[in-house]
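Chains here go by letter, A, B and C, matching the order in which they are written, and residues are numbered from 1 within each.
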Amino acid sequence: MSHPERRRRASRLALVAGALAASFLALPLVGLLWRTPWSGLGHSLGQPGVAGALRLSLVTSLSATAVAVALGVPLAWVLARADLPGRRVIRALALVPLVLPPVVGGVALLLALGRRGLVGQWLDQWLGIRLPFTTAGAVVAQAFVALPFVVLPAEGAFGSADRRFEDAARTLGAGGWTVFRRVTLPLAWPALAAGAVLAWARALGEFGATITFAGSAPGRTTTVPVEVYLGLESGRFEDAVVLSLVLVAVSVTVLLVRRDSWLGPLRA
Amino acid sequence: MTRRRPTAAALAAAIGVVGACGGAGTGGRAALDVFAAASLTEALTALAPSFEAVHPGVEVRFTFGSSSALARQVADGAPADVLATADEATMAPLIADGRVHDPAIVARNRLTIAVAPGNPLGVAGLADLARPGLTVVLCAPEAPCGRLARAALGAAGITVRPASSEENVKAVLSRVTLGEADAGVVYVTDVRAVGGRAEAVAIDAGVAADPAVQAVYPMAEVAGADQATAARAFVAFSRSAAGQRSFGAAGFLPP
Amino acid sequence: MTAGLVAELELSRGPLALAVHLAVAPGATVAVLGPNGAGKTTLLRALAGLVALDRGCVELDGAVLEQAPGGPWAPPEHRSVAMVFQDHALFPHLSALDNVAFGLRARGMGRRAARTRAAERLDRLGLADRADARPGQLSGGEAQRVALARALAVEPRLLLLDEPLAALDATTRLTTRRELARHLAGHGGARLLVTHDPLDAMALADHLVVLEAGRIVQEGSSAELAGRPRSAYVADLVGVNLFRGRADGDRVDVGGAGLVVSARASGDVLAVVHPRAVVLHRVRPDGSPRNVWRGPVEEIEPAGDRARVRVGGPRPMVAEVTAAAVADLGLVPGAEVWVAVKATEIDVYPA
């Protein structure tokens, strides 16, 4: 077999494999669309349980993203720039929520921040703050799983940033915070934005940790994934399908938006 | 060409093993798959050895969970031989569809309020559950224990906003034993099962005696089960005196 | 109070050990020349406060910026020191105007005032019409001028320039060099310029300092350097032949071979021969030159209507001859030639 022929055969194989992979990924989505009660869509969406879950998910996921960014960006900075001895350990810690099964994460959060938890008991006794069964608790659970999605790209961006710009800013009279705010952050923006969007998508889809740590109460802690699960359990199948469709639509939109932000970092 | 045959043979053997897995128990015994409501955990687990002693060729394998979840799985075709739910309402659709047949009541249960040992917050009855600042958890409305709890509260005219609606009765109990919740409405048998880690506060006698708030446990054979004979035997055993001893020991009321 | 920069620096960075004593008066430009790795950029970064000294003292207009070990250390943002970087380092996400205004705003000026001032600066450098352009849209020369404007905008008492013309192509260099000279002259503070191009140094600076392996090997005016180079690097820079040897009367022993010179000297000396004074012959010359020897042609470098011919042998030398002579003599690499240098053309001075 001559070279061009061999390459054509190989690329045909690749095409077949690729088509299989694409089908594998597309099939569940097609199944979902096939069973969507299109005529009853508006009715389903209007159900109080469904609408409430959508609203709650929006609020909690956005709050969780804000928390993840507020905590994750400084951590990423420290990991990328500070000369700390335990950096490798801290970096591993930051990635733990990625590999931990979400339910395990929920259990761990309970043991730490529950009413009788390591820190939770003091929060309850001294400050009267209780996290389980509250919307704040759902936000905490979602922020926990979303954090690595912020830390990873942010650390990469800060680490690979061109220090000369920061040096130039300092020689011009900008102190540490000003340099960060006016030079480092704007230059790292594309990576940070991508991380925040991924974190938001993760928070939106979070189930195991949320239901374990925050429980399920409509309007307070019953987010869309929890509502889908309960709907399935109790035979409210159409509602579950409709909610699943909403999450899929959101995820796909997120992916499309994210690609754009990668394409044009700095039109410098 | 000779290289291909052993591969096919190995493949066939593997499929054979997988195919047999569904019905094969350990030591060559047949496996009887029983799906049962979470609140039956202790009673049925205690009952199994006695059943196996009488039916040596059978090994009982349990899947415990929320009645509604298990019922859905069986409706979707899960490979169960026996299904036992915590109320008749959950079983009804499967009977209507012919997914299960020959249901028989094997036990009854009463609701109670589970609190921390020593009842530190002084919960005296259903009315106290409406106390502001008390963290109360119930089963999800779709689960039998949830339905019954809400019915009992409704009958007593008490409005409670639960901090969480858990998927099954064991989950409600965990919240109480872990200290996350102050009180949870579960079955008498569940509190008994955790021994000293929770205390039961009786529900007002009038409400408790109302048959509408008593849990009724139907057990039925799943249609087209692998072990149809063994399934029938299991249901029968559960209703027999020998089986009822296990239920009684766990705190259930007779059917 | 001593005006200008007075600095004594000692600093180790990996293989580089910098030990330098430097002074720049206000209004003067000092050029630091040296090969790669000599420590020129490290020197600038240390003066800017971007890297700390191991030992030494940096004083600017009487204020102590740094004293090590144990003394005060002013961070870069508190020093009146601005730097123009090698490839401008303009902030890519800001327009030229905002780049120039950056330093002013960082030091507390309001947005509008800073932008007005910046606009004036850009106008002075002839870049008013490029104010809204992003750095990526500017040409090399324009970007470098904006970088200069950005540094000058904060009116630093010490202006540091790191190879400001290195990233430019030949023609842009010429024009930018002239303009740079003009703008530097208008700046009131001290200026330190790092470059590897002697033409830049001579055009822009009054005083030259040569840095090699972290140490100053020679300093002075460009005439002094050209006339009396003290190291092979400087000699190379200036384009003369340099020999180091021991003098005894009218002979200088340079590594085995000898040179006859006219001045009498003794001890360690440096001998300089200008390439123009080196004469090449096809046959052994019979004349007055005291220094005559044979050697192979190693390399011929044409330069317009002249050529620089490197001849090997006991005393390697570069001769500058006309291109016509190269052709007439049939000079090619490998050809044997006779080299003649008059004793009076050799400049000898103590090492």
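Throughout what follows, a contact is a pair of C-beta atoms (placed from the backbone, for glycine too) under 8 Å apart; a residue touches a chain by one contact, two chains touch by 3 or more.
Small disclaimer: the values here were computed from a predicted structure and weren't measured.
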Message: Which chain is most central here if centres come from C-alpha coordinates alone?
response: A
Field: Relative to chain B, chain with the most remote C-alpha centre
entry: C
Message: Can you compute the centre-to-centre distance for chain A and chain B, using the mean CA position of each chain? Integer Å is fine.
response: 36
Query: From the C-alpha centre of chain A to that of chain C, how far is it in Å?
result: 54
- prompt: Between chain B and chain C, what is the gap in Å from one C-alpha centre to the other?
  reply: 88
- prompt: Taking the complex as given, what residues does chain A use to touch chain B?
  reply: 110, 114-116, 130, 132-133, 211, 214-218, 221, 230, 232-235
- line: Within their complex, chain A touches chain C through residues 164-165, 167-175, 178, 182-183, 186-187, 266-268
Query: Within the complex, which stretch of chain B touches chain A?
result: 66, 68-69, 72, 93, 135, 137, 140-142, 161-167, 175, 178-181
Task: Show which residues of chain C lie in contact with chain A when the two form their complex.
output: 45, 48-50, 75-77, 79, 81-83, 85, 89, 91-93, 102-103, 106-107, 134-136, 150-151, 154
